[in-house]
Each structure stands twice: as structure tokens, then as C-alpha cells.
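Chains here go by letter, A, B, C and D, matching the order in which they are written, and residues are numbered from 1 within each.
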């Protein structure tokens, strides 16, 4: 009888998780559709948001779920972008799906390399390692200009039509749909991963690595694995960027992009995939809005937004809303 | 019966001061041993040496006959040497069920799996249910740890350790910080530990030591000064001198 | 041989300039545990004020430095009261978000008020020109920067290690509740420390302006350099920061002499190596 | 009768409406961030042109829409260009300070039926990426080649080349090397420094040790230039008789007040000096200074933008406001006019601007300000870089 209860509770909990996955998927698709209807003429921006969302999700995996502090996460994104771009330009792999595969591979390898270095320290020194890494990646890409085009950027990426039917055109519909589908797939996979035994292990490591070691698990190996996964996700985002804009440049390996992605993540709320998405959408839209309204002095507005978020929503936008809702529900019970 | 856990001539000094000096002990499956000693006797260093968090200057540690002196802490856990912590180290946002499930999966080498919700893995959950049931934590299985009383957190520490199916269990002050009213449940849990498990308990609470242990090892200034039955310990003049003092009466009363 | 001396002199000068500019960050980062990414922004404010005082008001260099330091502190006080006070003891990422926000705002305002051009701080005749060292010449203002660096290092070390305030500060950092129980007004200690850090930033911004010229993007352009130097030294440690500046300055200068095209690699590889060998910094006070 | 009048009025109204369209021009540039000054100059040049020539071509109103790309970021640039074309319906794209940003946009042009008028981005190859690209600025090959001859004429035969390690720097190095070796000079060493170099003393030591009689340098304008020129002065190289040659980016007018006496006497070759003596330039400077607010901030991107607007106006005239990119571009091939910088023309083959390159020397005016004094003219220079790329 007791076991049955146990199984029932477990099943209910499992279903609740599954329900939230589906809800999350539905939210993404509905938002994507709304974006398409509201801004049919600005799909390029929406596609860019999708690519950056993949970067921020990937950052959330290591920062939000594992507690790794990094200001160098664009190294993974940029490696994916360059992998896809180099595959297209130098090896003639122009099928968009294969380019994304190349990006995932490139990102995962970069994730492995970065993980090995970054995981050697904690806290502030860790932050510094990540900064050093992103600069090394940037310099390396600048030096290897016969492969990467150096500071002129890697141009001439011409992806084939998607599954031979849909060309990547001026209006960017194909790129947008491609991006949204990619994001939706990644999101669902990540939802599964963060609730899997491995996801649980990583949450444990974030809270108390010594405890995890006493359970006989190696925090370093688990974190390294998460870094590779994170690299694959960021690499997919980079590849999407390469496919949709058909050019890759050094900015995709920059400290600026790394810092921006961290800002977006904290803005939305760390440790939640929804938070990562919220942060990306809000930041990118806000930036687009204010920079179009005043191309000369919009930075002040962005700064004010960040300050306001820290002052009024200390857990990030999504984190704070979620906490309020949870409290409501708690009170209702 | 052959020894499951052996320590031979373990030495470690810090800056010329020998904190652990030539310590040896041997335990067989089913042993219930208490390690006691006054503050500064070197108990913490000893635990760290045994669990692999510190490297000894000399000596040897063996688990199940295998020398593990050069194996790291994680490897020793995998070979069956599991410890609990003096101050609970639990994940505040996770539930007891999740703690125990994670330990079980880790033990089975499945904690690295990327997919599958273990709450829906019936085999794992059945084991979680029975373990938590044994320790009286079933009702709390799905509440986050930070909402649970400290006494029950201590029980959960033991549950996590047991979930790893240890051969040797190192309990570091399992009742520390627990209100008097709850110590009974912890003692019960200790009494219910599997019969074939070798347990080494480090403890201050002499009542608990005398009720639990069949054998007492007394550490003072880094060396073992006594190894024998609890009753003999209270009579040993060196132990009296080094440690027991006022506890002696309490001991003989028991 | 002469070349080696020459490089050593350059390395010393560069390292000391780095030290003067970034030591204020070591105070906020190490002693107050605030990841203050707006440090460069305060240095920049100092530079702008000094430039305005010296060029547009025609004041002397010394007066300009003083006005810059105190002016920056005056500007920083309301920012501390309204914003920084909210992030003491908060998680690092929250501090990063807030201080980047502050930096963005300051950059935007500076760009609006002063325009995007470079601003210089005219040097007095005594600091202009070059001094002959026998085997080479070196700009006098660099020697001045070296002297300033040593003076700041000495004064800070004295203030933290030898004065009553230093004792209170260290107590407040190590255990705020305990310090408060002992009658230390931690709020005041923090406010004073913050003012000192900001004042040092402004001072460094002015003294280092010959090497790192003042313009609106200053606050972000050099942020990483400051952060790296301070962390490598070990946040909160004056000797550590000094050692890190000299070491990294030396590596940077030598690398740029021997293989300029790989200068960046040298610097950051050295940073990675040092952090891996000394995870708490060269002389860390970190937890 | 009434009906006829009404009909006539209606017809008139519609015909007026049809003619008096608003033609939108999308301008992408760095309007904030570290290069905000250059973006500001874009705007000043455009405002100046429209102030002088009116905001109308025929009956069509011209509207400028600005979009900000603070640092080279092709993805952002392309997204904004796409937005400008699709959402705002611009008929012309213009601006672009950085090469990768311009490169990212070229694949869009044909499909969008929009010409791209580049007002700065200076890598030779951009014009080959699409037949709809026209450039009114310069290339580094164009500005760096003549200085090689200047160096040789000054009696210098051994030169060390020092450039920032990025696309334009490499271009400048190659251009100078090709030009200098063609006149029999020798490049004893070629150094590329990271863009983020703050302290140039070690570089100066390298220059000293190289035994060269002169140095050719290229750095992007801004703080690094200041550091480089000051280090050149302070480390005793200037007094030591080492000659300094560079394209004019190093002594752009907006940096001169900061450079001060350290820059005095430096010789550079460039396509434009704010001090250029001509009536066209006087009018331009007056209008542009008004537009930018602070005359000291005026610099070369403004003239690129000014001439870019001239080209766009001619395109609009030629197409009578209809959207026909190819026709518009064809109309300005071979177009020649007198720009504030001097006589210029659009090369029909490459669609790049042919112009005079001037040798200038930094001098101090009577009122204590510094300026680039033109001392020699190299007439009708094309872009040697295109041939080199092929």
C-alpha cells in the first residue's frame, strides 16, 4: 500500500514536471507566433534573439545550475559560429542542418577546453580565468585569419535552402522558423536534462561539492560534462547565427558578448531555463527599442534598467515573479 | 573473520607537530567501534586521513584487503568507505527523496544519466521509500530539506550514507546539535544499522558511546592509548587521566 | 644588456601606473567584497574633472588632482547611499549586474556632457618632457607615476595595518555582526572605505591619464585589465596587488618587445598560469 | 461642372501624392560606444549636406533613419539592415564604419533592390562583393601608398612598419610595403601589435633596435593613437631623428588637441583635411561644424558621409524616386564633382571613389590650435588595393 502511494506521488511529481515542459514549449511557440505576427518586418531581430537565447540558456547551465562564474561564455558560442562558418566556406558543407551539427561539435569542443581551465578555480579567480580565456580565443581567431577572415570577418557563407525547399531570404522567415524550432528542441531537451539524475547531481554540486564527493561522485567530471553540454547548446546558437546572418566575425568571440549574456541571465534570473529566456527577450527588446529611439545615448537607459532590476527584482525578473506566485499559492493553501 | 577496514601506522604531522602519530586499528564486518578522545586529540585529522582528504606522511589504509592509501576520497567512497558529517551537509532546496535517490543512482553508476526523471524510476523509488520508511522520514519525503527539523536532517544524513551501501561507515558525531527529545530516534536508527556493516563512530556523548559501541578506541595527542571494551576503558588509568575525568562516574554508572 | 635594463624600466613604469589605477578596486573587492565593475567609471570621472579644472578653468595640476579626488568622492556619495548599500553582501552576480548598470549610465552621461573626444590633462612644466637615465630617456610623468604608486602603497598599507580605522575595517569585513556588537559602526566604516576606494580611483585616473587617456568608453575599455590585475594579486592585499602589477607589467612589456604580435597571448597565458598555481591570488586574503 | 472640377482636383491630389513621396535612407554606424565620435561625424556630414542642398530631391522628401552598431558586429548590422529594408522600407542603405558590418549586408542588396553607399569601411574587397556597392570614403591602400614615395623622397631607405593587428592595419602594412619596395626602399621589420596595446614603450624600443631610419605606423584613431604618438615623442625617437610616416587616421583633426605638441611636424597622407582650402570645403565645414555642435570634433568620416549623400541624391534624381537599385548605381558610375576634399569621381569599373591624396604636416595655427597643413598633392588616385587583392 505504502509503495503504491509512493509510486503515485512520484508519478504525480513526474507528470507535474512534464506538464511544465509542455507549458514551456507552448509558451515558446506562442511567443514565437506572436513575435511573427507583431513584427513580421523585423524577423532578423527575432532570429538574433533566438540565437542569443541559446547562448544564455547555455550559460545558465553552468552558472545557474552549477554555480560557475564566467565572463567568457561567448568562447563557446563563437566557436560554434566559426565551426559552422568554416565548414561552409572552407569545406563546402552548406546544408544548414549539417552546419548546425558542426557548430554543436565546435561548441562542445570549446566547452571541454574552457571547462578544463575554468574549473581549476572558484569565485573571483574563476571569473578572471574565464576573462583570460575569452581573450585568448578572440586573439586566436584574429591570428588564424586564413581560416577565420580575421577582423574582416568570415564572409561568403551561403547556406543551402533548408531541407532543399526553403531558402534563407531577405525577409528571414526561413531563418526565424529554423531558429524557433531549434530553440524549442533545445529547450525541451534541457528541461529533461536539468531534471535528470545528472541535473540533480549538478544542483548538488552547486550547493555543496564536498557532500557530492562524499557520495562518491566527482564534481569536476560532472561539471566538465555540463560544460560540454553547455558548449553544444551555445555552439548551436552560434551556428544559427552563422546560418541566418551568413557572416561570422570576432564579436562572436568577444568579452562584450560574454558580459552581455551574463547580464541577460542575471536580469531574467539564474537557475531557471525560463529565467534565461525571459532575460534574453527583455534585454534584447529593450536594447532594440531604446537604441532605435535614440541611437546616440541609449546606453544610459540600459544602465538604468539594470539598476532598476537589481533594486526592485533582486532574484531577476522571472525569479521574482515566480517567487511571488509561489508565495500566493502557498498562502492559498 | 578477516578485517574489512585496516589502518596501519598512520602518521601525519603539520610543521613538525605530529597530529596523527602511528595510529593503527582494524575492524571486521559487524563491528561497532567508537573513537573518542579529548579536544585536539587528532580525531578530525584522523578522519581526513582515512577518508582520503589528507595525504598521510606514512602508513597505510586498507578497505576489504585492498590498499587505498593512494586512492582519492571519491575512490574510497566507491570502495565502500562512507562517512557522515559532524554538521549536516544537505542540499537545502532538495527533498529527502531526491537526496536518497541521488545517492542510490550514484552508487549504481547512473547519476550521470542525462535523461529520465528518477521520480518516475520505480526501482529507485521503491528503495527510497523503504530506506526513508526505516528511518521514519517517509512523510517528509517530498518536502525541501530546509523545512525539516534538524533531528530529522541528521537521520537523513544517515539515510544518504546507507543508500550508498557502505561496507565501512564513518559516523562523525551523528547526534551533534540534536535536541534531547530527538536523540532517541537517532539511537534507534543506529541500533538498526545493518548487521554486516562495520561502523566507526566519532562521538563526544559518552552515554551514546557506551550504549552503541562494543569496542572503544581512545585517541590522545595523536596516538592510540586504549583499544578495548567500554567497560575496561573507564577503568584504564591512562584513559582516565587523558580524557574521561568527570565522565568516569557516568561510565561506571552505566 | 642595455636593452634588458630599458625593458625593465618600461615594465616598472607600466606596472606602477597599473597599480595606481587599480589599487582602489582592491579595496572594494577584497576588503568590502563588492565586485565593483564601475571602478573604471570613477577613475574616468576623476579624469574628466581634472581635465575640466586644468584646461577649462586654468587651475594648476596639483589643484586639479585635489579637485578631481574630492569631486569624484562627492559624486560617489549619493551613489553609495542609494545603490551600493543595497548590494553589500549580495551574491557576486547581482553586484556585477548593478555595477555594470552604473557603468553604462556613467558612460552615457559622460558622452552626453563631454562629447566623445579624448580629454587631456595638461601637465605642469616640471612633469613634462623626458629625463635622461644615462642609457635611455624616460618621460618624467612616468617617474611621477612610479613615485605616486609607492606613496599610495605605503599610505594604504599603513592605514589598513596600523591605524584604528584599519582594525575596525578588518573586523567589519571578517565578521560584521561581531564588529557591530563591539561598537563598530559598520555602515560608517563601509562608507569611508568606499570613499577611499573612489578617491584612489580618481587619483589613479588622473595620474595614469597619460597612458590611459580619458574618453567616455574608458570605463569599459580598461575594466577587464583592472579586474585581472587585482584578482591575480589577491583581492584586498596591497603587497599582492603591487606584486601582480609588477609581474604582469613585466610580462606584458617583455612580451610586447619580443613578440608584439603575440602580446595578448603572453599576457593572458600568464594570467591563467598564475591563477592555476595561486588560486587565491599571489597574496590573497580571500575566503 | 462641379463634378469635373472635383475629379480634376482628385486627379491632381493623387498625382501630387504620387510624386511627393518620402524616400528613406537607412544609415548604419557606430553612434554610441568607443567609436561614437565617428558615428557623430556621419550624422554631421549628412546633416550638413541636407542643410546646404535641402531635404528634397525634386518633389521627394528625404528622410534619414539611423541605426546604431557600436562595435564591429556583423550579425547585428545585418539584422538592422534587414529591418531597415523590410520594416522601414528604406530605398538606400548607407554609412558603415567597419568592414565586417558592410560585408554582412552585401548579400542582401540584390534581393532588397537597394544600393549600398559606404561612407567609411575601408577594406578594398567590399566593392567586389556586390555590384550595388558604391564607396565614397577611401581605402587604406589608397591613402598608404603615396606616403611610400614621400618617405623615399625624404631620403629614407630603411623603414620599420608598425601596425595594429587587424584588417585595416594589415592592409596598411601591405600597401606601404608594396609602394616602398616599388621605389627601391627596404622594410627592415614589420611589427603587428594587438589592438588593446596601452603602453607603447616596448614597441619604441623595438623601433630603436631595428636600426631603421623611419617608421611607418597605422593605428585606429582614438586613445591608442594618442598613446603611440606620445610614446614616440617621450622615448626620444622624434628627437633621435627617426622619421614618422603614416596615413592620416593617426592625425585626425579631432585627436589633434589631445596630441598637442607631440604631433607637431608629423607627416601623413590622407584624402581629406578639415583645413583644405577651397570654397566647397569652407561651406562644408561651416555647415558640418554647426551640425556637430563642437567644431573640434569634426573629422574625416563627415566628408565621406557628405559625399555619400551627394551620390544618393544623384541616384534619386536619376531614378526619379523609383526604387531601381541597378539603375541608380549605373547613374553614378563615372560621376564626377567637386567635393570638399577636392575633385573626385566614381570609378565606373570598381564603383570606388577616385580622389586626390594629400601629404600633410601637423602645424600650429596662430590661435594655438593644431591642424593638418596640406603640402603636396597626389592627383586622381584610384584604389591600388583592388589589383593587389586580385
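Just so we're on the same page, a residue touches a chain if its C-beta (ideal position, glycine included) is under 8 Å from a C-beta of that chain, and two chains touch if they have at least 3 such contacts.
Source: prediction; values computed, not measured.
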>> Touching both subunit A and subunit D, which chains are there?
In response: C
> So, what's the distance in Å between the C-alpha centres of subunit C and subunit A?
Replying inline: 33
>> What's the distance between the Cα centroids of subunit B and subunit D, rounded to whole Å?
In response: 75
> Centre to centre, by mean C-alpha position, how many angstrom separate subunit B and subunit C?
Replying inline: 50
>> Nearest whole angstrom, what separates the Cα centre of subunit C from the Cα centre of subunit D?
In response: 36
> Where in subunit A do residues touch two or more other chains at once?
Replying inline: 139, 143, 296-299
>> Can you pull out the residues of subunit C that are in contact with at least two other chains?
In response: 108, 111, 261, 264
> Each pair of chains that touch: what are they?
Replying inline: A-B, A-C, A-D, C-D
> Any idea which subunit A residues touch subunit D in the complex?
Replying inline: 39, 41-45, 47-48, 51, 139, 142-143, 145, 149-153, 155, 158, 169-172, 241, 244-252, 254, 256, 291-292, 295-299
> Inside the complex, what are the residues of subunit C that reach subunit A?
Replying inline: 29, 35, 83, 86-87, 90, 92-94, 96-98, 100-109, 111-112, 224, 227-228, 231-232, 235, 261-262, 264-265, 268-269, 271-272, 275-276, 279-281, 286-287
> What part of subunit A is in contact with subunit B in the complex they form?
Replying inline: 2-3, 6-7, 9-11, 13-14, 17, 192-193, 195-198, 200-201, 203-204, 207-208, 210-211, 213-218, 222, 225, 229
> Once bound in the complex, which stretches of subunit A touch subunit C?
Replying inline: 63, 69, 117, 120-125, 127-129, 131-133, 135-136, 139, 143, 255, 259, 262-263, 266-267, 270, 296-307, 309-311, 314
> Where on subunit D is subunit A touching in the complex?
Replying inline: 31-33, 36, 39-40, 66-68, 71-76, 78-80, 82-83, 85-87, 99-100, 103-104, 106-108, 111-112, 123, 125, 129, 165-168, 170, 194
